[in-house]
Each structure stands twice: as C-alpha cells, then as structure tokens.
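You will see subunit A twice below: alongside subunit B first, and alongside subunit C after that.
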Partner chain A sequence: MLSRRALIYLGERLVLVAFTAVAVSSIVFLGVHQLPGNAFLSDRRIDPVALQAIMHHYHLDLSLFDQYKLFVSGILRGDLGESLVNRGIPITPLLLREATVSLEVGAAALIFTIGLGMVLGVIAAIKQNSWIDYLATATSVVGYSMPNFVIATVLVLIFAVYLYNWSGGAIYYEIGWNGTYGTLGQISIPAFALGFPYASIVARLTRASMLEVLRQDYIRTAKAKGLSDRIVIIRHALRNALIPVVTILGPLTIGIITGSVVIENVFGIPGLGKEFVQSILSRDYNIVIGVFTFYALAIGLANLLVDFLYTAIDPRIRY
Partner chain B sequence: MTAPVLQVKDLKTQFFTDDGVVKAVDGVSFDLHPGETLGIVGESGCGKSVTALSILRLVQEPGRITNGQILFKGTDIVTMPDDDVRDIRGKDIAMIFQDPLSSLNPVLKVGYQIEEAMEAHTRISGKVALSRAIQLLKQVRIPAAESRVEDYPHQFSGGMRQRAMIAMGLANKPSILIADEPTTALDVTVQAQILELLRDLNQETKTAIILITHNMGVVAGLCKRVLVMYAGRIVEQGPVEQIFHDPQHPYTWSLLQSIPRLDADRKDRLLSIEGLPPDLIKPPSGCRFHPRCRFRIERCFHDDPSLMDVGPDQAAACWVTMRRALAQDGQARA
Partner chain C sequence: MATAPGVATPEEYVGDTLAREQTSLWADAWRRLRRNRLALVSTFILLLLVVVAIVSAFWTPFPIWRQSVGPTYDPPSLHHLLGTDQRGRDIFSRLMVGAQVSLQVGVGTQIIVAALGITVGLLAGYFRGWLDGIISTIINIFYGIPDLLVALILVLLLGRGLDKIIFAIAVTRWMDMARLVRGQTFALREREFVEAARASGTRPNKILSRHILPNALGPIIVQATFGVPQAILFEAFLSFLGLGVQPPTPSWGAMAADGFHALRIAPHIVLVPAIALSLTLMAFNFLGDGLRDALDPRQKR
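Showing the complex of A and B:
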C-alpha cells in the first residue's frame, strides 16, 4: 500500500526518532552524573569494600567518558542497564512492561479524548447556538481551565470517598491496582482525568473546523446530490473537519504522556509515570535515564504516526 | 406544446439579516419545458444563484422562501416534505456550480463522488456504480476515464473538474440540469469546450438546462430562451435571438452594449454598467432600474412596471421600452 518513496521516508523518520532518543538519554545521562550523591549513599551505612564492589559492578569507577561509551553501546542494543536500587533487575524489560500499562491508560485517555471531543464538537457545530452548543462550550471551558491533577483529585474525592461513604462501602472506586493491568472500570476514571482537558480542546477545535467546513461549496454539492444530512456530515464534512484536529494530535499525545506522570501517581497505577517519580525519589538514576529514553521514543513515534495519519485523511498531502 | 417540467410562480426568497430583509428574489415566475435550454443572465447579486438554489430548496440560513410555488411536474417543491425534496435533488433536478475545485470534496475520489450521486437514489452494486461512473466520465470526454476515476479532484485540471461535475449531474439522467456559472472560473478555450459539451448533452439526453451566467455571449452559445434579471426580478424574457436583435428593456440593451468579447481579459468579461447595483434591502422606488436608466421618464420614479408583452413570446417590464426610446433618440437627433 505504501509507495517506495513513502517507505524510504518512513525509514528516515524512524532513524531520526532513534537518534533523538539516544540524544535525549545522553543529555539525561550526563545530567544525572553531575548530581551529587548516588543511590548507595542513602540512609544506611555501607561497607566501603562492598561499596567498591558495587561501584565496579555498575562501572561507576570508570571515567565518565568510558561510562558513556558503555551506556551508548548498551542503548544501541536496547539494553538500559540494571536498576541501582533493586540490584540485578534489568531495566529494559521492567520499563517495557510498565510502558504497556501506561499505554493502556494513555490509549484509553486518547480514545476518550478524541471521541468525546469530536462528538461534542460536531454536535455543537450542527446545533449551533442551541442549548447543546452552550453546554458543550461550558464543558469545554471547565475542561481546559482545570489542570488534570485537580480533576483527578476531585474524581478521587467523588468516586473513592463520597461514593464509599454514601453506599456504606458497597460501591466505590479503589485506588491502586492489584494486578499489573487495570480493568475497564479501573482505567475509566484515570483515563477521564487524563483526557478531559484535551477533550475540551478537541471539542472546540472540531466545532470551529466543522462550522468552517459546513460552509464549503462541496457540502452544498453533496446536498444537491440528494444525500441525507447524516451522510453529508459523516462522509463529507467530518473527514475534512478532522484535518485541523489531527494537527493537535501530536501535542495532545505529548500532553497525555506528561500528564500520565501525575495521574499514575494520584491513582497508584504501576506504569512508567509512577516509576519515573519513584526512581527519582530513590535516586535510581539508571531508571530515570531509561524512562526519559522511553518518553523520547514514545513522543517521536507518536509524531510520526500523526504525520502518516495526515496522508491517510488528506490525499493532497504526500511524503 | 408539452406541459412544462418546471413552473416557478411568484417566487420570493429573502435573507433575514441583522441589517434588514434582503429581497434577493422578489417575485420571479417562469416555465421550463422538457429538453429546453433556458438562460438566466444579470449582473452580480441580482438573485440568479438564489433562484437556482431555491428550486432545490438549498438556500442557506438566514435565507427562506417566503412566497410562491415551484412546481416540478405539478408538485410544489416549496411545501414538500424534506425527504421528498431529497429524492428530487440530484435525481430529477441536478445542479452544478461555478467553482469546480471548491465544489468537489478534496478528500474523496472523483469516481466515488460520482458513484455516490447514483447510490443516493438507486440500489446498485459498487461494481455497477464504478462502471457507470467510468461511462459517465467518457460521456463528458475525460480521457483515460478508467484510471481517472481513481483520481482525487486536485489531480484534475479546472476544465476536467467541471466535466466531472457535469458527469455527476448527469449520473441519474435528470430531467433538469441547473448550471450556475459553469464556465466563469475557466479559461476561455475551456469555456467554449464546456459549452459545447453541454450543448451536445442537451441534444443527446434531452435534459433541460438552466444556464446561469453573467455573460450574454455564453447564453447565445447554448440557450433558446433567456430571462434577464435585475434586482431580484425578471425584467425581460423571450427567445434569445429576438432579444439579441431587439431588446426592449433598457437594462437588457445595456447588457448587450457591454457584451464582453470572449477573448478579453477575464475581469473585463464581467458586465459593467454605469452606476451601482441596487440595495436589495431597500430597493429603489418605482422602476428599480431608474437610478441607472438613460431613458427614464417621470413615471419611472414612482410607478413599478410589471412584465408586458413587447413582441411574440417576448415581455419586458418597462414603461418606455427601447422601441420608443430609440425612436425618440432618432427624433431628437433629427
């Protein structure tokens, strides 16, 4: 389906994404090595000989340059090294698993964001200046003037505390997951908190772009063919209205990734975001570097996906 | 004579804007017979497009048809339920628009947009629709139609896009094709080709054509009969040849005086008559053309003329008419 040129372009972009990830992790690598202290100098006293052995195990006794060489050769093989705190635990598989947990919540938030945002936006545009339009606009304003941690806290208060008290502990939302992956019920509230501010942005953008598209000549042509309003909107208007919405999909994905750091910690979700905060607190710098690498990869891939989505939606764009 | 396929009776379409009520179409009546070619001419803003859109009930907010009847084969489109109007759109009455680039959906294949016109009204398989779309593209003389169906509008040239629009319009073999300035956005040579195509299609398919244009020359190239509109009204109507040789309304006369040459620059081809087009919220008293009329008399300032017979099949809304005006001019000079 993809042309040769598109495949070459895809290849180039993938190389660029990988390069960016290496560059980001290098910067973080050099950064954390400038920080005073390390994971072993925490609270308990440690035997100097043992410390020496540990330092050697993690190559911390080598020069910075040699350490960096080892780090880069590792990362190129996909090896992010070993946790400094939980000795012997390789980081790559750990973060990969946690990334899928984050992906689960993030994808739910993204689907929710785009779905709700578009539905609200389309309804607001079609029923312009009706009560639905005003309600959608009001919801949007609330949505994007409230940061996600406020929404998260309010949701926790409602679903975990009030609901518990009101139902005498029969129904409530339990914070913290017992398994690795959440159930649909467990995902829904964090996904809502994560996606809602962006849903508002998508709604406003969809509304504006839909109104613009509905005034276009080709909509009149579609009606003049005798197509029903529903088909005119879904087939002719929506796809065109989506083009500007796709533009913000890149920043939106980044917003969801960064937002997940807060949300995962509020809701106790064992994903990349929670790991990120914990690794900083425990000075597990190898994991900190690893998380940054994952985020850089995720953002690069998301942007790449968005660019290809463009070509799928708008045939005038070709790479 | 056969019964008219379309009868427009005292049509009024108005736009309810913040500045006031725009009387875009103000009492237009005409008949269209099967297979006939009818031109509607007039300068920009005189209500040609709104008349056409009213026929398919496609006038956009804040516009509304406030009066009159539009009888299609005897049934009134104005009062028809929405679903019935939708049945007529594209099937019995098709419409093509001025700018073929903006009138085609940029994200859908040309072939698909033609197939869709058929599928809106008949249950046919995708394969049949596709082969019919190819056939239609061939009919409007698009070369390599088999591969061109797969193209998107931006891959077509301006003339080909308008051909594709025409193919789309003909998809359901409508009894009426309304073409709203189908050539205005095109190059001169392409204009002539499109007109020729419409002329041939009218002969082949017996589809009646309403051709809307600024350009008297374009009317002469295709139509048998013409309506001249001014400020939301028909001011003169009749057979094209007769009106060309013997216009009776001073407005028609000035249009013909300023008849644009096909080889002139595009801007010059648009009609220009001295004076400003009238305000349709508060149209001039008496004859609406009087502020710009060279031949006006006292009566024109307060008395509004309606269409009067001025020749076989020809009518004009004027107290003076060119016959008398020119006779007077001659006397004055003598």
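Showing the complex of A and C:
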C-alpha cells in the first residue's frame, strides 16, 4: 500500500507532469503561430467574408496574447480546440481515441521489447562467449543499426507481399485497419517493427549488468547453499540486473512514441503518430499542438511509472 | 598506480600501459583497432562511402534530376545497376548523391554537437556550483522531450534546407556529448596534473584547453562516432515522413519513402536505399565499438 509520503510525492509529480504538458504545448503553440500562413489560405475558393467568419471562429483575428490566454484556459479544461482542416471537429475526443490505438500498439511493443531483450541478454550472459552470445550480440547491433522504417518495410514485404503471393492470397497481412482497434495479428507485426531496435538495446544492457551481477559474492553463496541455477538466476541475479534496465525505460518510452510516428504511417494504423504527420502536412496546427500535449503527458506519466518501478525492484531506493 | 584509491578511472590504466610500452595513446589505439576485424571492415566501408560521395559531386552515371532516363520501375540491370524509380530516374546515381546528404548531415551535426557539448560540458564540470546546476537541469529537460518530434517541429519552423535540418538535429542531440564531457571534466579536475597547473597559476581557460580537453579526447571521439549514425538516422526519419530535405534532392530516407507505394511491383526502390542506410549505420556503430575498445581497453564489454 502507498504510504502517506508516497501519496504526497505522487501528487507533486502529477502536478509537475501537468505543468510540463502545458509548458510544452505553449512552446509549440507560440512556435507554430510564428509560421506564415494557415490552413485556410491555401483554400483559394474561400470568399473574404467567410474567411473572416472562420478566422473569428478560431480566434485567429485576436492578438497572439489573447489567443494564448484562450488556449491555456482551454487546455486546463481539457479542451484542445477544433480542427482547422475538418472544421468543427473537436480535437480532444479525436486524439483520445487515437491515443488508445497508439497505446495498444505501443504497449505491445514495450512488452515485446522488454521480453525479447531480457531473454536474449540473460542467455548471452549465462553462455558468455559461446555462439549464442555472439549471435545475440550481433543481432543487437543489427537491430540497433536498422532504422525502424526499414524493419517495417521488410516486414510488409514479407508478410503482405511475399506471403500473399506464396499462399495465393490465402494468408497475408493487410495494411490499414478497418475498425478502430486492431486484432492481435494486426498489432503483432507493427509492434515487432517498433520494438526490435529497442529490444537490442535492452539485450545489450541486460547482458552487461547480468555479467556484473553474476560475479558477485552473494551469487556464489546462493549456489554454494545448493540452489538450482534457475532459481539463482531468476530470483537472485535477474532482479538486481533489472535495475539498469529500468533506467532506460524512460528513454525507451520516448523512443517508442517517436518510432510510432513512422510505424503507424507505414502500417496505416489510425493512431496519434499518423495524425501527427497528417496534421503537419495539411497544416492543421491545432492538432499538431494537441498531439504534442498528449505526448508530453504520456512521457511524464511514463517517467513517473519508472520511478515507482525503481522502488518496487530496489527496496533501498526511497522517495 | 600513483593515485589514491577511489580516484582511479579507467583512463589511468591506459596511462599505465603506455608508461611500459613507450608508445603514444594514438599509436597504441591504432594498433588495437587494426586487430579488430569488424572495425577495419567498417572503416573500409565508410572510406568507400566518402569516396562515392566525393565522386558523386563531379560525376554520376546519369543526371540525378532527369526523369525517364530509363523505363519506370525497372529492376536492376546492366544498364541501370540498381534499377530505376517511379519517375524513371537512375537509382544508382541517386544513391551516390544520397551518400553526400547522409555524410553531410552526420558529420555536420557532430561538429555542432561537439562545439556545443564540449563547451557546456567543460564549463559545468570544471566550475561546478550553480553553473553546473543550471546546465544539468537544462540537459535533463532536453532528455525528457521526444527529440525526433522536436527536430521535426524545428524543421517545420525553420524550413527544409540541409543546413536547417543539421541545426535541428544538433539542437535536439547535444546532451549526450555535454554529459560525457561534464563527467570526464569532473574526474580530471581532481587529478594531480590539473592541481599542479592550478597551483602554478594557470588560467582556467588554459587548464581546460591544454590539460583537461586533451585527456578527454578519446571518449569524445567515441561519442562523436556514435553520434554520426544517430544523426543520419534522424535525417532519414524526417525524409521518410516527407519532412526532410526538399525533393528532388536524393536523400536515402526520401528514396525509401518514394518507393513504398510500389513495394509490391518494385521492391528494389525501397530496398536499395534501406540497405545502404543500414550498412552505413552498422559500419559507424561497429567503428564506434572498435574505437571505444581501442581507446579504452578497460571498458571492453
């Protein structure tokens, strides 16, 4: 159970997360408003009176300061305004729905990353300098050096093109989702593409810290008192080897968020990342700001979660 | 070892070895690097890449801008070594010029990153106190932002020139270098030779440039080597999304994106730049690994 102190700490951190999100979106807001032109100016058929009405509707006729005040008061109520391109569509519900899709794929990628990375890392550490170790190490360098869009493209080629041709169109991966949420089969391949580069980083890290831990005296003690290798590794070694792995969970989350921008576009997943690129290309700046706000919130919450994980794994760490 | 226990850093072992073998750090590192076959192959690949990039500035088999120099979506053949793309442009020629773009981005960003990161790191590590507090806070804030997406917004704000992309990537990726130099400076400033320099009245800027920086050069070079592929990856990412260098400049990321819709009929359009990109990144990463082991053999993992 959480102690009183932990609850206070949690509260403080949540306030900080909210503050960061507002700060980040403010910076993007101010930056984006320096850009010349807006989504309406490319619309040549628009007549001046209608344009005036639209500008008024989106408060674009106000001074930057007044616009900013409206923006901040909106964001504090959870209202991110309306889309500039699909006029009248409120952004918050739209992004919330897309965020759940991204979360679904991102969580699958994260589980895959940590699972595969740790298994590879542990095997490489136990069988140090064997062919398994070299294979795991080589795999991790390859994974680290392949841009995720390359991995994604190769996977599309294999599962959507070659598998289709080979099976005569019976089994294949279909790009693009029909409904909002994907099936397990639809999620697995994007999640693999998204997680693979990071799995190799986790593997490298796990291997290094496992090697470090396995040399410790208490491991020898555990073995000396007759515990089986499996119990020594899982209960004694792995738990301590996990600490450095937890450290990179924060950067990992950021990596998966940025990676999802590419992956969602390649696989046609209707998530935040796809929306982000589309809204930049169509100059729907309200959505750009909104997506950034969501990302800032997600990163803040992920970092918070990581800090709590620390204390769960390493009882020496306190708030 | 002459130093007190607890202050010993891995670098001191390098110094120790050197004292026995009477070779310079660099000659020693080069000897070790030569024994690393992966790093040698990587160096060779990268040298080849540099040659290709230079040659492409003067000569390419076909003019890269011209469309319909061959049929569209043509697979690799003797006439077009790597085939043609959706506009009938020669992929081999475009790949050559793409090497220029990647190398410019990779090396260009690392020059800015080195200049910024070394300065900031030296100052924070040497003077400590409130200056270090401010710098460390800024570094931590930058670590908390999604770097690629901020770079993306910056490119949007600044425009899509190559120089602006280099700037945008450097601004979001300078922290690793700053943190490394800060840590090195932190350790080095406590060493006797720095203390001796300080005691003899050497000015801080001279201590930093003559005593601390040269001793931190090894890890800095390793860090910069690892930074290059990251920057190349960033540029490819931006170009793949259609937000990188202005077309028709051939960037490997953009070339891969161009062919994506035709994956079914002409996979080579995507695969060629994708393989080039992966090979380059891998070569830089292996070279970085090799350099780290060569310059700092104690750290070998």
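Here is the rule we go by: the second predicted complex is superposed on the first by the 317 of 319 C-alpha atoms of A that agree within 3 Å, B and C clash if a C-alpha of one lies under 4 Å from a C-alpha of the other, contacts with A are read in each partner's own complex, and residues count from 1 in each chain.
The rule we apply is simple: a residue touches a chain if its C-beta (ideal position, glycine included) is under 8 Å from a C-beta of that chain, and two chains touch if they have at least 3 such contacts.
Just so we're clear, the structure is a prediction, and the values are computed from it rather than from any experiment.
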Discussion item. Under the superposition described at the top, does placing subunit B and subunit C together on subunit A give a clash or a fit?
Written reply: fit
Worksheet entry | First, second, both or neither for A:257, with subunit B first and subunit C second | second
Response to the item:
Of subunit B and subunit C, the partner touching more residues of subunit A is C
Discussion item. According to the stated criteria, A:167 is in contact with first (subunit B), second (subunit C), both, or neither; which is it?
Written reply: neither
Worksheet entry | Arrangement angle, subunit B at one end, subunit C at the other, subunit A at the vertex (C-alpha, nearest 10°) | 80
Practice prompt. Report for A:239: first if it touches subunit B alone, second if subunit C alone, otherwise both or neither.
Written response: first
Discussion item. Quick check on the superposed pair: does A:265 touch subunit B, subunit C, both, or neither? Answer first, second, both or neither.
Written reply: second
Worksheet item: Between subunit B (first) and subunit C (second), which does A:313 come into contact with in this model arrangement: first, second, both, or neither?
Response: first
Discussion item. In the overlaid three-chain picture, which partner chain does A:130 touch, first (subunit B) or second (subunit C), both, or neither?
Written reply: neither
Practice prompt. Tell me which partner A:86 touches in the superposition: subunit B (first), subunit C (second), both or neither.
Written response: neither
Item to complete: Answer with first, second, both or neither: which of subunit B and subunit C does A:3 touch in the superposed model?
Response: neither
Worksheet item: Closest pair of CA atoms, one in subunit B and one in subunit C, after superposing: how far apart in Å?
Response: 15
Discussion item. Please report the subunit A residues shared by its interface with subunit B and its interface with subunit C.
Written reply: none
Worksheet entry | subunit A contact footprint on subunit B (complex, rising order) | 56, 58, 60, 86-91, 94-95, 97, 99, 102-108, 116-117, 120-121, 152, 154, 165, 168
Worksheet item: So in the complex, which bits of subunit A are touching subunit B?
Response: 216-218, 220-228, 231, 235-236, 239-240, 243, 313-316
Worksheet item: How about subunit A: which of its residues touch subunit C in the complex?
Response: 20, 24, 28, 31-32, 34-35, 141-142, 144-147, 149-150, 153-154, 156-157, 160-161, 208, 211, 250-251, 254, 257-258, 261-262, 265-266, 276-277, 280-281, 288, 292, 295, 299-300, 303
Worksheet item: Can you name the residues of subunit C that touch subunit A in the complex?
Response: 143-149, 152-153, 156-157, 229, 233, 236-237, 240-243, 253, 256, 260, 263-264, 267, 270-271, 274, 277-278, 281-282, 284-286, 289, 301
